[in-house]
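Look at the two complexes coming up: chain A is in both, with chain B in one and chain C in the other.
Entry: the complex of A and B
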């Protein structure tokens, strides 16, 4: 706590000092998040994290000096001009996402756009940015096709489907349940872009590695009842059940499985819903030992992740989850590129983004770095596996970086 | 409207109306060129789109008095036909529109024949059920894009894709279609069909006993309405370039059509346009002003409007206007 509070207490004074130094108008960066609608919980966490990022950039943070823009005030390469965030609510609606992207670009005159959250909305909003020639950096949408569209202004920092599938399959090949190999795998996925694309890529990667997917159960997101799906699982008795769900469904599955007394030996809950603090607080007690992927491990004291998480917790009262961390990292990469561009001209920022070469220690998340390929996809994104203990996720895989021992089988409510 | 005819002599009143109409038309045509702000131009295009779907709804919901809350069924058909045409055959999205319209007409016959026999709330509920059914079927059909949705061309390939950077072309295209629809509505209202529909709305049993083929004419109105709603869906898909089950078949869209028409005045020619011209900017402005806080106040405002209309002016602004005119006339006397 002493680490986290000091910069916060010093903030007002430094902000004042920063103002005195900062020359010229603030530089505006826009962000689109679902602040209302079904994904509002994740969107508002993202918003809190981005607001934290703005504060960190606009005030000197000697504690985080290894990260770009943290030791200084505002954008030092652009005369110390401060950063201003323009937040917009995309309401989970593709047309609204476009309207808001257009408003941020033409009315607010943002120099870059970030966010989008749901893959479908990132898709429509980034099409507007592409037509207007404004850089769009996304940190959280994983649908593979987003970087396959031939866009010149679209960049993405998050690891995507193939990276995620690779670590699950690697883990499954190494894992043994009660001494027997993992042979029967079931996937339960919500049927929008996120669930469908992740399920497909896991299936392909697993089958290429010789692990057959015995059962796949797609279901409609925001279901009112999932007992049919759980019964299907109970019948099939897979060694591993992989869930790909948003928050409300993840909670519903945990409760339904508790009600029906069903526990697979290994339960993997893919990020999104299972990472949401809402899930951990409401259903965590009956989903003990669920394995999740994450790029964010705040448990190592002294790391950037640890410090940023402490600041976030002081602000919001809860730990930062993986999705929120990826959103924040995407935003920070954008700001770093603007500073390196040394100008607010979109083309200069685009060039700087293409030249991005951030090392692992310059990030607040566990990627190996940030470097974009020709399509705008980060090639150094990486993922680790975490397991739920009490109301916290601890890192368990790969073993070299793990901070805790993997515990199998899945315990659920016991 | 006819009540006012007693107040002023017919000829000057008609001239006044014509001048007012011409000025309004010129204003509608010219204002986007004077406003340089691209965002306002886009809001203008969205107003036209909302006015188009609300005017199409108005044929059934306003003139024929059959309150459908499932019109999104036809909207979705149009939107999906456009983008599926692109996904499957790489067509320009607008080429899918005729297929969407054809499917919508077919659905209107299948849906309308049994449901138009229902009265009042039962008809409304049946339309909601059918639209929800369509949404669930599409959500669970991978070949129709499932829950993921379908996209248009990521980057425009040719002019035929109707993919513009500026919202202005959309504004004028939507406006032109709206003009056709309003002209049809006006013509229909003057003719036999207009009389029949008014009779049906007033008292269907009485109309039937006088020999009005009610079932038939309600279906005609539904067919035209479904066709134009489907075209609106295709135009929406062409502009946005993406549709998923919620944005194509979500009940909120049906409700917005009803509210826009009801706010301006259901069963009047320009009511839906007026309603859309108030609601869409209101929605965009509240979202721009308060949306960033994540407080959802946009929806609070929207909800308040619904409550106010249904409590104080079920006939919409048209009713408020005629009440005001009546009040002025009383004062003048």
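Entry: the complex of A and C
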């Protein structure tokens, strides 16, 4: 009796649900971040930035009207449907990243995936999206090979390995011109996808420019002790030391270098670990003058970067760092493409992503724009060099756009 | 000169390994329970030190004993609240019980303190001193001395006192101990309390030179298990010997071969030792 009645009772509710779907059901976008595990600090910053992006998209922001989706509510081209974020914790573990990507696609039915953070995890998660034909947009992973796999559904907004290597090598050549020796360069890199690929591309670019890499020290990330590496550097006395590390190791390196009294004349700390606000707050005081790359400069009042940083700071109490900004920009580009697609069909979003042509003033970061090549890589990403001064990174190179004077040698704790 | 510094650093790191393994070996040896929450006990102690320093403005002379006290209580609570019950279950329940505890502690800390890294000022115990061309960090030297003191102290307690005999009796044979009038529950709670208190001292001292985050236990826990296993289950002096050995081997391997290979060398040696002495370096067969 009751069995036969149930469908009758449920029918009106289903009808109602169907109507709601057509008008205002949220459009789900998935994001993978390391919310726990050793990269949790960076992952939670990324999460805060993406949540801010969702709020900005779902409510009118006349102040940021130069950026897509800001002046309006939700996705105006898809009936104003709101954006819903489905955040998943990839735990810093490649197989978890894969499982979460699968869950977001098959159970949460997200229309697109973003994030990934560590290059090695973006690699595994995006392979799942590729297999299911769901667009995957990454804003932060820099390992070159991610866009060399012939994927049809993978897009990346951040500048990558070769861009980064190019600016470091240009900078070192300029330093050489200024009479500072750069004959002996050492690279210390964590040995997963990120560290290995960036170290390799820096080595190749440097050697092509006639700068030999005298010493390379790969190490396993998240070490309990790094003093042997620091002593190896102290023994070799390179002119330039380039570190490619995540946050926990970056903090430990700064502390150990101080304990061992070691300061290279030029110290470069590549983005992720060294750009993390946790590094700046915890170890910044003893790493004065470390040179870093960045695409995010929130110092110009009135710029999109400035306004977004102010909103982020109001939320978290901290300034937005470069990696977090790149994560947020990747997410915003995804949402813009969904809106332009005018539909939640994966193929339509893929077509819209391919047609992306954002100008510099439509972004919240310092890229020259966003336009993807056949491999899905943004061709207009750009990067500049910044230097740690107090607890703030100031832009120092290229000199034309710099807001502060480069100071050498590296000062560390003095 | 560099080589001497490498060995010295290895020695000091090894002392730290020994320090944070002493509590684990006590619990393991006394109770035959593997405490998977050990790394997170260290983490809690680091946060006790951090909060005591930043909120209460207490120096190391106060926050180290405070951490020991807090962790002692945590150990006793964990024994009565969890371990006593899961010990009646199968082995798997014990393992997953403490593993669950680890996750509760880790994510509760994550919830309260967020995933951000924090740290204590690195010169709380004074600046680096140079002695005969070698650089010594006072905080690491103090940690090393504490490791030696704790090891000797625990060893004396277990081998020279009536309380130690009672603890060992319960560890050896619970029913026989009951027959001679020892109540096992308070003894085992005490073993957990003491083990956790040692961990508290270790965590508070490590906080002087390491970063603090809710995930820090992950970086430290594995090495503690290796130290305890290599030294011999339940052997307090064994943990010291094993900790120092691993510290020096790690340091030399990193320096000569490369840091990416240190685990290969350490674990290969570890397996080799177990091949010949499955009971560990100083363990009883």
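To be clear about the criterion, the second predicted complex is superposed on the first by the 385 of 414 C-alpha atoms of A that agree within 3 Å, B and C clash if a C-alpha of one lies under 4 Å from a C-alpha of the other, contacts with A are read in each partner's own complex, and residues count from 1 in each chain.
As a convention for this text, contacts are C-beta pairs under 8 Å (C-beta built on N, C-alpha and C of every residue); 3 or more make two chains touch, one makes a residue touch a chain.
Keep in mind the model is a prediction, meaning the values are calculated, not measured.
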Combined model on chain A: chain C and chain B, fit or clash: clash
Chain B versus chain C as contact partner of A:252, first or second or both or neither: second
Touching partner for A:150 - first (chain B), second (chain C), both, neither: first
First (chain B), second (chain C), both or neither touched by A:220: both
First (chain B), second (chain C), both or neither touched by A:191: both
First (chain B), second (chain C), both or neither touched by A:356: neither
Partner chain(s) touched by A:229 [first = chain B, second = chain C, both, neither]: second
Contacts of A:107 with chain B and chain C, given as first, second, both or neither: first
First, second, both or neither for A:98, with chain B first and chain C second: first
Partner chain in contact with A:40 - chain B first, chain C second, else both or neither: both
Clashing chain C stretch [against chain B; choices 5-13, 41-49, 95-103 or 149-157]: 95-103
Contacts on chain A seen with chain B and repeated with chain C across the two complexes: 35-36, 40, 43-44, 191, 218, 220
Residues of chain A defined as touching chain B within the complex: 33, 35-36, 40, 43-44, 47, 86-89, 91-96, 98-100, 102-103, 106-107, 120, 123-124, 127, 130-132, 149-151, 190-193, 195-197, 218, 220-221
Complex contacts: residues of chain C adjacent to chain A: 2, 5-6, 9-10, 13, 106-107, 110, 114-119, 122, 128, 135, 137, 140, 209-211, 213-215, 218-220, 223, 250-255, 258-260, 262-263
Residue numbers on chain B that touch chain A, as the complex places them: 37-39, 42-43, 46, 136, 139-140, 142, 146-149, 151, 154-155, 165, 167, 236, 240-244, 246-247, 284, 287-288, 291-296, 298-299
Chain C-facing residues of chain A, complex: 35-38, 40-41, 43-44, 191, 217-220, 222-229, 231-232, 234-235, 247-248, 251-252, 255, 258-261, 278-279, 281-283, 286
